[in-house]
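Have a look at this one before I ask anything.
Naming follows writing order (A, B, C, D, E and F), and every chain is counted from residue 1.
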Amino acid sequence: MSTHTQRSGDRYFEDVELGEERTVADARTITETDIVNYAGVSGDFGDIHVSEEAAKETGFGQRIAPGNMVHAIAETIGIDWAVEAFSYGHDNIRFVNPVFIGDTITVHTEVVAVEDYDDEFGRVVNKYTVTNQRDETVLVDEHILLVKRRNAGE
Amino acid sequence: MSTHTQRSGDRYFEDVELGEERTVADARTITETDIVNYAGVSGDFGDIHVSEEAAKETGFGQRIAPGNMVHAIAETIGIDWAVEAFSYGHDNIRFVNPVFIGDTITVHTEVVAVEDYDDEFGRVVNKYTVTNQRDETVLVDEHILLVKRRNAGE
Amino acid sequence: MSTHTQRSGDRYFEDVELGEERTVADARTITETDIVNYAGVSGDFGDIHVSEEAAKETGFGQRIAPGNMVHAIAETIGIDWAVEAFSYGHDNIRFVNPVFIGDTITVHTEVVAVEDYDDEFGRVVNKYTVTNQRDETVLVDEHILLVKRRNAGE
Amino acid sequence: MSTHTQRSGDRYFEDVELGEERTVADARTITETDIVNYAGVSGDFGDIHVSEEAAKETGFGQRIAPGNMVHAIAETIGIDWAVEAFSYGHDNIRFVNPVFIGDTITVHTEVVAVEDYDDEFGRVVNKYTVTNQRDETVLVDEHILLVKRRNAGE
Amino acid sequence: MSTHTQRSGDRYFEDVELGEERTVADARTITETDIVNYAGVSGDFGDIHVSEEAAKETGFGQRIAPGNMVHAIAETIGIDWAVEAFSYGHDNIRFVNPVFIGDTITVHTEVVAVEDYDDEFGRVVNKYTVTNQRDETVLVDEHILLVKRRNAGE
Amino acid sequence: MSTHTQRSGDRYFEDVELGEERTVADARTITETDIVNYAGVSGDFGDIHVSEEAAKETGFGQRIAPGNMVHAIAETIGIDWAVEAFSYGHDNIRFVNPVFIGDTITVHTEVVAVEDYDDEFGRVVNKYTVTNQRDETVLVDEHILLVKRRNAGE
C-alpha cells in the first residue's frame, strides 16, 4: 500500500458508514494556468491541452483539461474527512465529458464499500462523481482508501 | 470519452499489436520539487508528502510521492507512440510500493487488449508496470486508450 | 476589507471563544523548492534566498526562507476552522528567527480578541506563533479576521 | 531578526531620509496565473480565490487575489534601493480593497521612521500604499527594515 | 560542450542529411501562464512582460512573451528526433516579431550543416524558423548540436 | 525587434560606454528546483536533466542544468542598468562547461559594441561570461540590445 493523504479530518474507520455522501459544490475553477502547470509537472504537452489551434481542429473545438489532473484535484477536495488515510488504488476511472478552461467542478462522493483490512486500517471505497457548472458528469472514480482504525496498534 | 494526448508518434490503431511491449528505462527521477509542485497543482498537502517530521512517524519513515503524481508522470512517458489518442479511463490502478524522493522510475507497458470501438477510433488497453531503481514495482495501471484509425473519417 | 479565505470548517463567529487555542504540529517542511517557487511568484530573488555562496557570507551562513512565505504558509495551516472568513489585516508580524531549508514548522494559534463588527461578520484576532522542530519561535503575527455570523443577513 | 532581501541598490542606512518617497507606477498586473500559483505555494485554496462560481455568490462577484500575495509582490517592487537590508517585521497591514484578476498595481513607499538599531544596521520603517489602475488604495503596510550602515563592522 | 537533450528519437549522426526539414505545426499556444511562470524561473519581471498597463504605452500595445522563452519552447519542440544529442551553442538568434498572449507557434527546422566533430559525436546545425498563426516569422536561430554517432565508442 | 526588458536602471544609450564592465558575483545558486521548473516551462524533459540514473551513465556523471536556462537566468541578472531596452537577439552562445545542481553562478558583462540604430534606440552588444564557484567559465553570449536614447521621440 502507499500514498498517504493525512487530512485534518476527525473520522476513523469505525465512523465511516456505507452509503454516506458528501458534496463540495463549486469547489474549484479549472483554469488555463492549471492546465499549463500540470503539463509542466506531468510532462504531458499533448496538443489538445497546450495548442489552441490544434484543439480547434478536434471534435472539442478548444483545449481541454487533462483527465488525470481533474481526477487529482477532485480527489483532494473529497478526502478531507479522515484522521489518517492511505490511497490504496483506483478502479473504474472514466473521463466521461471534457473539462474546458473556466469550468468549475463540483465533487460528490459516496461510500460504496466498507471492509476490514488489518488491525491498523479498514478498507473504504469512495465513489467520486465530478460534475461541471452545467450539471454534466465529467469524471467518475472508485477510490480505494485504507482508513485508520480508532484503536490502531493497541 | 475525453482526455486527448496527441503525441509525435507515428502509429495508428491498425499498427497496434496485442502483446507488444515497451520499456523506457530510468525515465525520470522523482524529486522533492516534483512533490512540492504537485501539491501546489492538486492542492494535496497531505503531511506524508510535505512534512518530513510527520512522515518520520509513519511506517515509511520519510516523505513519499503522491501515487497520482507517479501515475501521471508514468503515463506521459509511456504514451509517445500514437499519432493521436484519447484517454478513455483507467482500471486497476494500485500503488504497490512507496516512491521516495530521489527514486528513479522505469516505465514498462504491454498492450493487453485491442478492440474495435467506432469508425474513427479503436480501443487499446495498455498495462503499465512502473518500477524503481531497486527493481521494485511501485505502480500498476490499465490505461484504456482510444487510438485513431489510419483511415478515420473516410 | 478584502481577502476571503473560506474553508471547510464548521465554526461561525458565535462559536469562537476568547482564549481558544489550536496547534498543528509538524505541519510542513520548508523546502528549497518552496523558496525557489516563492521567489518566482513574489519576484523576490534576494540573494540570501537564492544564492548559497552569498548566504554563506552572512551571519546566517546559509540560505533562509523569506519571512513573508513562512507567514503565508502558516496562515493557511491555522485557518481551516471557519465556515467563512475574510482577512482584514495583520498587526505585529515579527520574523523572530530564520527558517532554514529543511526546517519543519508547527503552527500554534490563540484567539486574543473577539469583537462585534457588523450584522454579517464579527472581528476575531488570531495570534500566530510559529515554531521550528527545535522549538524555537520563528514568527509571530496577529491576524485580524472577519468571521461570518451564524445568522448573517437574516 | 531574519528575512534578508539584498538588492542591487546602492543606498546605506545613512543615505535614507525621513519622508523620502518612491513610486513604481503600473508595476505589475495581477493575473489568474499569479493567484493559482500562489495557492500552490501557500496552500491557500480558499474558494474566493480559486472558484469563480463560489466567488460570484459573494459581495465581490468574482475571484479576488489573496491579500498576502499582493503584499508580497508589492514589497518586492518597493525594496530595490538598499545595498543590504533585512525584513524585521510588519505593522498595520490592511487589505483595504479587493484586487481582481487583471488589475495592475502601483506601489508607493514613504519612509516614516529612521532610527538607530545597532552598530551594523539602522531601523527604517517604509510605509507602503498600493493602488490599482482606478486609483483605489488596495493595501497599506508599514514594513520595518534593518538597513546596513555604510561602515558596518568597522 | 554541455547541455544534453536526449530524446526518444531513433536517429544517429549518420542518419542526418544536409537540407532535411521538419515542421511541427500549431505546436503550442503561448499563454499568460507561460509568461508569468517564465518570469518566475528566469527572474525576468520586465514590465513589458508582466504589466499590462505599462505595455499599453509601448509600441506593442500589450504584453509580449520573452524572446528567450519562445526560443526555449521552440527548441524543445524541434529536437525530438535524435537518439542522443548535446546542445553546443546557438548563433544568430533574432527576435523578429513579438509573440503575444494567445499566439500559437509553428516550428520549422532545416539542417544547414553536417560536419565531423570527434569519434563519438558529429556536429549538426539545425536552423529554426518559428512562425505564428498569422504566418509571421517571430524567431530564427541556428542551433548547434552534437549528435551521437551510431558506433560511438567502438 | 522584440523582447522588452525594462528595468529599474537609470542609464540611457548615451550613457553606455564601449568597454564598460559589470560583475554580479555569486548571483544565484542553480538548484534542482530550477531544473525541474524549467523542464515544466520549456517542455524539455531530456533525461540528462531529469533522470539521475540516466545521467550517471553519461560523461557528466550527474544531472546538468539546461544551457538555455542558465542563459536566461544570467541575462536577467546582467541587464538591470537600462531605463528601457529591448532584446534584439543573440550571437555566439556557447555552453562551455556543465552547470551542476548546487553550483552558484557569477555573471560578468562587458560592452563590446555601441552603435547607432534609429532615432529612438541605440544598439549595444553586451558580452556575457558566466562562471561558477570554481571559477570555470560555463557560458558565453553576445546579447544584442536596443537601448533607449535619452531624447527618444523628441
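Heads up, the rule we're going with is that contacts are C-beta pairs under 8 Å (C-beta built on N, C-alpha and C of every residue); 3 or more make two chains touch, one makes a residue touch a chain.
Keep in mind that this is a model prediction, so the values were computed, not measured.
Visitor: Taking all residue numbers used at the subunit A/subunit E interface, answer same if over half belong to both copies and different if under half do.
Guide: Different, since under half the interface numbering is common to both chains.
Visitor: Quick one: point me to the chain whose Cα centre is farthest from that of subunit F.
Guide: Taking each chain's C-alpha mean as its centre, the farthest from subunit F is A.
Visitor: What's the distance between the Cα centroids of subunit D and subunit F, rounded to whole Å?
Guide: Measuring from centre to centre gives 28 Å for this pair.
Visitor: In whole angstrom, what separates the CA-based centres of subunit C and subunit F?
Guide: 36
Visitor: Check each residue of subunit E and list the ones that touch at least two other chains.
Guide: 28, 32-34, 36-37, 40-41, 43, 45, 47, 54 - these are the residues of subunit E that touch more than one other chain.
Visitor: Enumerate the contact residues on subunit F facing subunit B in the complex.
Guide: My answer: residues 32-33, 36-37, 40, 45, 47, 50-54, 63.
Visitor: Once bound in the complex, which stretches of subunit E touch subunit C?
Guide: 37, 39-41, 43, 45
Visitor: In the complex of these two chains, what residues of subunit B are touching subunit A?
Guide: For subunit B paired with subunit A, touching residues are 1-7, 28, 34, 37-38, 40-44, 46-49, 54, 58, 60, 64-69, 71-73, 75-77, 87-99, 138.
Visitor: Which subunit F residues qualify as touching subunit C in the complex?
Guide: 25-29, 31-34, 37, 102, 104, 133
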